[in-house]
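Shared between the two complexes below is chain A, which has chain B as its partner in the first and chain C in the second.
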Partner chain A sequence: MLKRLLLRLISIAITLLGVSIVVFVAVRLVPGNPVAMMLGPGATAEDAAALEALLGLDKSILVQYWIWLTNVVQGDFGTSISLRQDVLTLVLGRLPATLELAFLALVFAALLGGMLAVTGTIRRGGWTENGIDLWNGLTLSTPDFLWGLFLILVFGVWLQIAGISGRISPQLDLPFTTQFYLIESVLRLRFDLTANLIGHMWMPALALALPLSAMIGQLLKQSLKETMHLDYVTLARAKGFTENQVIWREAMRNALAPTLTLTAVQFTHLIGGTVIVERLFSYGGLGNLAIDAVINRDLPLIQGIVLVFAVIFVLINLAVDLLYAVLNPRLRHG
Partner chain B sequence: MSAYLEITGLNAVLRGTRTRVLRDVSLSVSKGQVHGLVGESGAGKSMIGKAILGVLPRAIEVASGRISLGGQDLGVLPLRERLRVIGSQTAVIPQDPLTALNPSRRIGPQMTDRLTRTLGWQKTRANHRALDLLEEVAIRDPERVLHSYPHELSGGMRQRVLIAAAFAAEPKLIVADEPTTALDVTVQKQILKMIADMQTRHGTTMLFVTHDLGVVARVCQSVSILHSGMVMEEADIRTMLTAPAHPYTAALLAATPRYTDPEASLVPVSDTVLAGVAEAIRASDTLWGRA
Partner chain C sequence: MSFTRRNTLQMGLAGLLAGAAPKIALAQVNDLTIAFNVNLPAWDPTTGPSAVNPTIQAIYQSVFDQYISQAPNLDFEPGILTDWGWNDDRTKVMMTVREGVKWHDGSDLTPEDVVWSLERAGNPETGNPIQFVWGKIGNFTIDGQTVTGDVKEYDPTIFKWMGFLTAYVLPKAYYERVGAEGFEAAPIGTGPYMVDRFERNSFLRLKANPDYWGGVPEFESVTIKFVTDAASRVAEVESGASHVTLEVPYEEFDRLKERDGIMGTTTPVSDIGMIFLNDIDVMTDRNVRLAAAHAIDKQLIIDRLLSGYGVPIDTLQTPEYAAYDPSITVAYDPELAKEYLAKSGYSTENPVRFTIQTTRGFKPKDYEMIQAIVGLWRRVGIEAEIEVYEIAKHFELRAADQLAPAAFYNWGNSVGDPTTSTGFAMFGPSPHSVWDGQDVFDAIVPLWGESDEEKRIAGFKAVDRLIAEEAYVIPLLQYVQPILHSSEVAVTPSVSGALLPQRISRA
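Showing the complex of A and B:
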């Protein structure tokens, strides 16, 4: 067990190191010069050289990387070029907004996908299942940002029943001490604020959730259907349990594993999707910050954001492995 | 002696077609008796059991016929009520103990969920009951077994667990579907004797599916011989063994090894007999086609 954990930690470290190298090189390969962006037109070559030296961009890429890495290891991610603030502070300040959005989207996707899967399993082989397949095909083949545009069009423009921008209404007095607004509003029993937050979040969350809900719905339905004619399920039916009870008590746990893996992989995609969707809804999260950083060629900020995303992805995969062990008693004992 | 299980004119078809899987099946089993269902693979033995319990595969549906338990026609009951009757009055001893237990649930809840969920027992009472029954099937450390997962038990142990679970709610009817075929030959006899003993002790009516006439002779009081989902002969065990009415039954008997003379050469079922069987099926299908 300890050995497995150790191996796991080593592989995580290697992954993160790899990501850091790739992003470090990639941001330097894309066209666009941060120094030129900062100085604007009319600056002299001497000005540019001075600024380059100040930012450390005059050194070789290897030396740059080494300096950056040693700093990062000590918790210093550098200073944002465009915002002139500490990168780590910036990123950690925006991260909670994105995490809350992503988790709300995950909850939506799981609920919606789970519901579709269970309904489709109970009504398998009939028109209801065909309808569900059709719906899943539609939601799956439409990307999240198109769903975002669609929702904005329907609820914001035509029906005008929902605000379409921001994280929370700006005129509100906020009692929060952390950036986890949604969680804090619940803990402080300020459900008026929770409602306001959800009112802002549901559309981007739904846009992110719909494609994933289709994947969960289809795969879980497939696994459930395969499980439903196994012997122990038939035996449970003969105990006088309804189809619904049989699905939840006997089939779900055993059918869940493949869906769990898929959801984990796709959840990282979903977090990637927040970049555009947050922009679409002017939601003040990490994704929105990332787009600004790219536009401004803010190298330290981009590197910081990507590394934080990488850490999140690694943690998600770790969480899934742990969940696997909980779901499957054979793994726990083995 | 009154019949506890009574099936009359049961026809099951591939869903949405007129193709029959069970052909006009009728049989009755008296209270406390063991009735054998015999036939070669694919004869429809398991289908009869599943039709009674309402767990037919999706692809198959009952087209006509009546199944009654203790005089109660199951077909006229609303779904909830039928589930309650099935859950409280029947149980199954399945064929394969390796696949009949949920791999991700502990043995205890799998044994007691019928008691607590369908019959509304208290959890402690159900657990006591499970422990008693595990002792009855000669499991040494019942407490530990209750807390085990299926993969921690051997095949024989699991089948005992399933037998104990089947008797837990004192069902009126148990469907035992080839309960020993998946087991090691060395434990087969032992398990068979255990089932027979428990059936006698608890006075349970039993439908015993097997393709082994030797087993039938040991545990059953009456028997139905099946071919292609059709009952060829229904008889008490003595009649079947000594004076089979149907040539197919006689042929099956001749094809079964005997204790008395294990060396005797076995006669495969002859083509003439099979032709007779095919003729009977064709006749039945013609009638069915006109209906």
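Showing the complex of A and C:
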């Protein structure tokens, strides 16, 4: 197990190094450079060269990469060109908002998907299951940003019962000391702020959750249906368990393992999906920051965001692997 | 405070309602809410990309004062400077600093602040993108409220620049005390509103500056939500969550302005749509250029694609600019276009071919406009292939002088001076210029340092006439800015395009 973990950590380091090279080269090869975008009217070629030197963009890519990498290893991700602030501080400042949104979306997806799966299993073979399959097909084939627009239209414009933009009402005074507003509001027992936060987050979270809920629903339903035919389930029925008891007490534990794996892996996609949804709802997270960084060709900030995303992805994958090994003894001893 | 089940539930419900119910009541809260179309990346208005972003200037101008202010019609008026000018031989600049101005921390603004701001702007190490302008004056001395400086290189537009990009007076003592990061965290200025709270990419809360030299602002507080998605901005106003928004699709503007409780305001702004022509390939053929210019029905494009919101233009000057000359026209005349093409052996059967580059969605209906233009060109014998690119690529290609023979772009010029329109857009050595003609170069060079204002403006009008006669560029239209707002407020739009909270009042 320890050797496996060690090998995995080495592969993570290689992965991150590869990501750093790809992102560093890619952002310099795509059209558009920050200097051209910053030049004021009337600037000369000399002004452009001076600005390029000021930003350190006059050196070769290899030299730039080496400087950046050695700084990153020491925890210095550079300074944002557009925001003139430390990249790591900016990224870590935004990450909590995105993580909270993604986590809330995950909870929504698990609840909705689980509910659909159980209902579909209990009412299998009938119109209810067909209806659930149809709903799952619809939610899976509709991108999250379209769900976002739909929710804005229905709950923001027509019914006017939900805030359209932002993370929390601007009028509120916040006592928070961290950027984990949702968690901190609960810990401080400020449920008024918790409710306000959820009042702003539920629509973007639901937009992100709907496609994932369909995946969870379909996979869990399929697993449950397969499990329902196994001998130990038949035995439970023979003991007089109701269908609900059979599902929750007997079948669910076995059926859950593949769904857990899928959900954990999909969580990384969920974080990636926040980019557009955050923009749509003007939610101040990492995704929104990423779009601005790309528009402004803020190279250090793009590199920092991508690297942090990559770290999150590999850590989640590592956690999933370890969790799976714990759940499945055959892998643990393999 | 004790937490019982009852008061916890009450707090939760109150919070949910506050977060959920977006309707705002102006009379009750006295908080003006604006759904703004761009984010505010950074607070230093003199460095970084946001310093040259015209839209963001509205936020900067709410918090900071400029050396010289601009009225809604682009006229210059006293700001922090109450008086300004040159000496007779134009070797010195003289500026009088307003008395009684206070920074948001309560300290007094002094002439030292003005000098420090000018020197900082002119220092290449600060990364000010307009440094090349500010570096033309220096060696300042202070006598009472009067600042005098040497003219290192005469620029007739220097005082106009003092009401434009990066021309903000910043607090010397405060900045030196807190540093760049401290200033970014807690910026102060002398403007009508003070920064109360700033959530990057989310919102900005401002509160009225009670000591503002121009009078206390109408609203006690202003909330600026950064809503970069146009559909979300429409929803903000439609749902009543924001009082004012701008830059919405014209179709949505027309739909919503008829609604009860919502009004629409439009104004032509200092932003034009144009087609750069590059002096390469077929564009070196004067007949091709003139045919391309005369084959475009600008009014038709404005009516059909922009719902009539736009003003056709034939030079790079709009009617509000100092060098606007209505007598310079390039008529829509497809038959004349065919004649020009025939002179070079082209026709609908044997069309001239070139590439035109455009953005898609950067400006309202930009791609659709180019599609329409390509359709109009096809009728006279021009086959243009459309290449879509990002605006960042446009900047890069333009700086490297590698644009296609034709490229769509927009050009802002809230100074209203011909140097910042025709001058920089058409002067070959400028990285912003595309056409590198010797005749235009020769015509513009003497105007840079021309001290006789009438002669300078007349000179630029002559340059514009030359450009129109040779079709070195194809000006298309002046954009119109759509502003949607609650009927509870009145908005005074600015030709500069800056939506200023201090120019919004109760209806």
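The rule we apply is simple: the second predicted complex is superposed on the first by the 326 of 334 C-alpha atoms of A that agree within 3 Å, B and C clash if a C-alpha of one lies under 4 Å from a C-alpha of the other, contacts with A are read in each partner's own complex, and residues count from 1 in each chain.
Definition applied: contacts are C-beta pairs under 8 Å (C-beta built on N, C-alpha and C of every residue); 3 or more make two chains touch, one makes a residue touch a chain.
Fair warning: this is a prediction, and the values are worked out from it, not measured in the lab.
A.B. asks: Mind checking the superposed model to see whether chain B and chain C fit together on chain A or clash?
C.D. replies: Superposition check on chain A shows chain B and chain C fit without a clash.
A.B. asks: Pick one for A:Val157: touches chain B only (first), chain C only (second), both, or neither.
C.D. replies: Touch partner of A:Val157: chain C, not chain B.
A.B. asks: Can A:Asn288 be said to touch chain B (first), chain C (second), both, or neither?
C.D. replies: The second partner, chain C, only.
A.B. asks: Applying the document's definition of touching, compare chain B and chain C: which contacts more of chain A?
C.D. replies: In the superposed model, C touches more residues of chain A.
A.B. asks: Can A:Arg4 be said to touch chain B (first), chain C (second), both, or neither?
C.D. replies: In the superposition, A:Arg4 contacts neither chain B nor chain C.
A.B. asks: Nearest CA pair across chain B and chain C in the overlay: distance in Å?
C.D. replies: The answer is 33 Å, the least C-alpha separation in the overlay.
A.B. asks: In the complex of these two chains, what residues of chain A are touching chain C?
C.D. replies: 31-45, 47-48, 50-51, 54, 81-85, 94, 149, 152-153, 156-157, 160-172, 189-200, 279-285, 288-289, 292, 295-297
A.B. asks: Write out the stretch or stretches of chain A touching chain B in their complex.
C.D. replies: Chain A residues touching chain B: 124-125, 229-232, 234-242, 245, 249-250, 253-254, 327-330, 333.
A.B. asks: Spell out the residues on chain B that touch chain A in their complex, using ranges where they run on.
C.D. replies: That would be residues 50, 53-55, 57-58, 79-80, 83-88, 90-92, 94-96, 99-105, 113-114, 117-118, 149, 151-152 of chain B.
A.B. asks: Provide the residue numbers of chain C that touch chain A in the complex, in ascending order.
C.D. replies: So the residues of chain C in touch with chain A come to 3, 8, 11-23, 29, 31, 35, 39, 41-42, 44, 47-52, 124-125, 127, 129-133, 165-166, 180-181, 184, 197, 199-203, 205, 223, 225-229, 231-232, 235-236, 238-241, 389-393, 395-399, 413, 419-420, 423-424, 429-432.
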